[in-house]
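Once you scroll down, you'll see the structures, which are given as structure tokens.
Two complexes come next, and they have one chain in common, chain A, joined by chain B in the first and chain C in the second.
Right, the complex of A and B next:
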């Protein structure tokens, strides 16, 4: 029995979520859908752990879908790298889906919840499918599944601008997907196969030509959009900041990371490192983009007035470190990239969870209005600070570990000057983290009067902004109203200290400032902070894993197929 | 010779249509032009011997997407939904502002075009027997699929069995699109908020909202259209069933059949009335249908696991390999058809309901 189970693990990793998703809609019950979603997340995480253990025991899983042998049928393949990325995204997904049960996204109505969970499950199924497959066209199919569901998940945000952000991402993302499809089409035309290992072999045998070069450039543009590599990052800040809080949490830890995995897989495995990095100057291109990203994105983040969007810009900067590792191209560089991929996932997801908790309870994401919040939401703010230290790369945090490995890899390759932008980028991130600390801890609680309505009678969200009487506020109500451009309506209402029934409705039901942080919110945040703390102090497990994963990509051992 | 002339003619028409679309300022004429564009593409697919793709392109590109575009334009054109309020009922749709793309996008487009053309230098010619694609996987598909799968249509064999998992993925893509439309149009908060804030639930309103698809009288009052409805729609639906079940032998299969089926019912909804359509097929049925198709497909895959094969290995489903393959392909094509048809209907119904609800809120009762 366990034998059979272990043989089918790669396919179960994807198909469980893929087939439970429709059930959520059919059953139509919010509670059943919740149970289904979380249990799916647990199962998927368990499968990814089993795959990781299996890989550690020396197995390379190869699964033939439909029973057809590889180049004719579709193959799933799990090696160290795959298992590592699967473990990362399913860990994040498990914690994100627990977080999603909390009260940070009350705007999504009860009736819509099952469909929302369906889209959520489809998204993660698509991402898992992209990782586990060894077939170029299959990557595209699952990219489509995950992208489509991502667009709609983003559009569920509280702010009406979320729809616009999702629409813009849809247009840009569709262009990216088209480039990837074109690239795969060209590769098929030149080689006659779609299996990645097979493509790699054939391209190495026949050598490159202009069509293959074009395929590579189209692929880089397409996947660059999906990864949000610096000049192609335009969709990311808007998408992250307007998406529902739990969706931002999910996406920041999984979507871009999977795209980066696909890039690594294609560059090293499919096109071959020799072609990508020696024949084509891709290392220079990637490192140039990375340097620009890690220097410019923090500057934009520093000027950003919205907390969530600030951290979204910081994601653009952090992705650059991963891209630099990929660009270095050696085993050590790739290991650094993978290590940062994991480390950045856990800290950024923790940060977005903390940000989500704060935003849901204060009703605003504007940094200006968040003065003194740390006194009220101590736990969330300290988690945010801890994550922020990781983003800077203070010694003792996970961020330090991966940046250290990255600089070591650069020096090993003789590119010691890469340490300069890494250091400068870290200093720039210190600036924006300090800005947060300054506001959240030391600023007076400037807007608390307005936020609480001074304890006076509840103010209806629908009351006209101009006529709303906000007791204890020195500013005119109209001015305050204009100030809170984004989540204003939620804030006016929150002066009660008790839960408002979710049935009241949808978009404008605020989670109040006094709402205690529910267990489903603090538990995943605590787990992530704990993991970040642990892996920051004791990095041997993660760096060993990353090194093995990188080695399995760059010097693949002779395969021992487990049938 | 004649082939070249046809190719150049069609491609020239395609280019001309694209340029006209860029120049046009009215959303309605852009919609019409884009449906013409789809029809030309469809003809090109026929020239390339991809008849089943041509089916789909004709039904989706020229059919359903045009209907949905027109719906959006009409919706915006309603005085109650039109913020500008300067469009009289029956006027043409509002005009767009700029007709030409900016210099940067022209440069980017040209650069991409040059890249694409330079990349063709090393491509094998179309139909070149020495091309790589004809020598690696294709011989087995062409030579052995008859014995291994046992159906004459090789395209269906590849799509449904050799690469059946990709097709499952494609069905899920369509299902995802259906879910997206549900989330965006059916549940989005504003319509509920609006009615609750005013303390009036939508159902209490008695006023008849303006129709989305036809203006004052249902189109069915027109004798020509009535004839179309009575004579033509049943044939379309019958044809859909033919395409569905004949997919093993000729061009066709679940995707094409589902879309043609959907087009038949949407035509019915357009001509008669959307409410009448919902009497025939309720929204709940449509949503369940979307999920059911995917689940049927997945269930075939899972059943294969229980019979001891790999996921989607149909051979184990029955005593002989070809019988199992036949059964599996039949079931998954059915699942594809159901999901595709339901999703198309769901698009149509969601658009209609969105319009209905919004207009009802704003329409004086």
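Right, the complex of A and C next:
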């Protein structure tokens, strides 16, 4: 029995969520849907842990879908790298699912909830499928499943412009997916196979030709859009800032990470490292994009007026570190990329949870209006601060560990100058993080004066709309006010702070006011912060895992890890 | 093997526990203040115990070789571990900070009460954290541990610098964090990464870990460390220190005269002794040009320029800040001269200057609180209203200027001997001129207070014992140090480099 179960783990990883998703709608009950969603998340996490343990015991899972043998049928394959990424995204998914039960997204009505949960489960099923499959076309299929459900999820955002953001992401995402499809089509044309291992073998035997080069170019642009690599990142800040809080949490920890995994898998396994990095100058291209991203994105983040969007820009910057690791291309570099993939997932997800809690409680994401919020929402703000220190890479945090590994990998390859943009980038992150710290802790609490700058409603309308990137219809102040009071009944309570005198001494006023944070909100945040703290001080587990995963990708035969 | 890792770990941990205690007892100021002072005393007791354990073998029942002196807490990555060890330089630094911590606690309790500060708990708690970081730096066994506590120290002192939350304080806080984070995250961290990649490990080992590194790379590393450790305030990265003077006086006193800045110069001293080693430090050359001779002039210029700027400051805290910058570079100079005398001079100057400068800051704070004056030019005749304060000021000024009977004379003596050993008479001249300038800009203040006629009516102003007693105590220790400097010097001299 256990044997059968163990053999079917790779397919179960994907199929459980796919099967359960429709039931969330069919059953029609919000509570049942909730239970279904969270239990699915638990099962999926358990499966990913079992896969990881299995891989650690030396097993390489290869599952023939429908019993059709590998080059013809679809093969699901789990090695160290796959298990590592599966573990990461299912861990994040579990915590995000719990967080999603909280009150951060009250605007999604009772009726819409089951659909929301269905889209959520389909999204994570698609992401898991992209990781687990060893079939190029199947990657595309799962990519579409996850993308389409992501558009639905983003459009659930409380701001009406979320629909526009989702639509924009749909256009850009569809372009990206088409590029990937073109690439896979070209590959099939040349080789007549879709199995990644088979493709890899045939390409290595035949050598490259113009069609394969075209396939690589199409692929890198398409997947670049999905990963939000620097010049192709345009969709990410909008999508993250308008999506419901819990969706931002889920996406920031899984979607781009899976796309990065697919990129790694294709570059090293399908096209072959020799072709991608030696024949084609992809290492230079990726590193150049990474340097630009890690230096420019923090500058944009520094000028951003919306808290969520600011951290979205910081994601663009942080993805650049992963891309740089991929660009370095050595085992150490890839291990650094994978380590940061995990580390960035846990800190950024924690940050977006904290941001979600703060936004839901104060009713605004506009940084200007968040002055002194730390007095009220201590736990969330400290979690945000801790995550922020991780983004900067202060020693003792996970961010430091991954930057250390990355810089060491660069120096090892003789590219020591890469250290300079990496360190300068972390300094640039310090600038925007500290801007938030100053606002949340030391600025006086927003008063009527601040709110009245041009009337509170238009101010907030702009706040929710970010820097007016998306053209949306202006609403009447009254409508926005009504909307806000609907969204956040708690806000009314919280708003008593508006009537406090500006210079009130907060150390002596009770700070327990405001809506208490619900357990489903603080528990995942606490778990993530604890993980970040632990892996920041003792990174032996994560770094060992990342090193094994990188070794399994670059050097498929087992290598001596003691070196 | 008798493990002394536990007392070392405790010495680092107790200030952090003190911070927790202070926060936990915030409801009752009395209990909170007791927690604060007691944790300081417990910490001091532990440090004295460590000193006794580490004293030369004649004092010990068990030879030193029988003590396990390295304590590994955990390993972050292979080769990147948080570990503590005990050696003379660190012990001196830890003892200096540990001795001054309870004294400063008493003083700051008085100071904050006098100002009716609404955020005393936050202040005391962060103060404890900063001391804990200083202990961590003092006992760090490798560059990573040192860097870890160095950065926490930067971040935890930021709320202290911006304590008043005024726009000026926030602006100063930005400069403070900007300079310290820029230098440390870019230059210092880069240097550590390079040491880790090209040297033989990050641990502090007598004789250094860079023996098989090319002189060019070693020079680059030295410069990266010199400027990257922004807390040492070597020009041109000194701007944060005068800016940080917007902080309450006890912060300026302990952190910006002792813990923070001394953490910087201590790091440089430790790196020059245990990462470079004197041999590779004195063999830096680029095509026959002895680079060490040129690099030595970087702190030398800082010594002179900062003294000149200090002369022109009328605000007493600003004058003391520039004086600190100048004195810090004495220690940096001692570290870079790469000889036994320089190391001894630099190390004991950490202690001498700490006691002298903290006394001066205590006095400045007393003057500001009691008389409300902070301009040197307004202090005429103030000595008769505040005799104790100005006597203490006088003694501390003697110590800083390097005149007997105060401790500062010995550190300057060793530094002068070290310059002779390097054969650079120009450096000796710099030390002499700077001492003269010290006499001018520091001793003129008590002289003005005692001998010039007062502007207003005279009355006894020193009415708060918690502020006056600490400053007399530290001044007394400055005199005491004059007599025990020899012991300190021979203690440091044991390091074989």
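Methods note: the second predicted complex is superposed on the first by the 490 of 563 C-alpha atoms of A that agree within 3 Å, B and C clash if a C-alpha of one lies under 4 Å from a C-alpha of the other, contacts with A are read in each partner's own complex, and residues count from 1 in each chain.
Basically, a contact is a pair of C-beta atoms (placed from the backbone, for glycine too) under 8 Å apart; a residue touches a chain by one contact, two chains touch by 3 or more.
Keep in mind that what you see is a predicted model, and the values were worked out from it rather than measured.
By the document's definition of touching, neither partner reaches A:87: not chain B, not chain C.
By the touch criterion defined above, A:404 reaches chain C but does not reach chain B. Touch criterion met: A:112 reaches chain B, while chain C stays clear of it.
In the overlay built on the shared chain, the residue A:412 is in contact with chain C alone; chain B does not reach it. In the superposition on chain A, contact of A:67 is made with chain B only, not with chain C.
Looking at the superposed arrangement, the partner reaching more residues of chain A, out of chain B and chain C, is B. Once the two complexes are overlaid on chain A, the chain A residues touched by chain B in the first and by chain C in the second are 505, 507-508. Chain contact summary for the complex, chain B toward chain A: residues 115-116, 118-124, 131-138, 140-141, 161-166, 168-170, 172-173, 175-177, 179-180, 182-184, 186-190, 192-193, 196-197, 287-288, 290-292, 294-295, 298, 301-302, 305, 309-316. The touching residues of chain A, when paired with chain B in their complex, are 8, 11, 15, 18-19, 22-23, 25-26, 63-68, 71-74, 107, 109, 111-112, 115-116, 118-119, 122, 125, 129, 135, 137-138, 141-142, 144-145, 148-149, 151-152, 155-156, 163, 186, 188-193, 209-215, 217, 462, 505-508.
Interface residues of chain A, counted against chain C in their complex, comprise 389, 392-396, 401, 404-405, 407-408, 411-412, 416, 419-420, 423-424, 426-427, 430, 434, 438, 441-442, 505, 507-508, 536-540, 543. Residues 74-78, 80, 82, 118-119, 121-122, 144, 147-148, 151-152, 155, 159, 162, 165, 170, 174, 177, 181-182, 185-186, 189-190, 193-194, 196-197 of chain C are the ones touching chain A in the complex.
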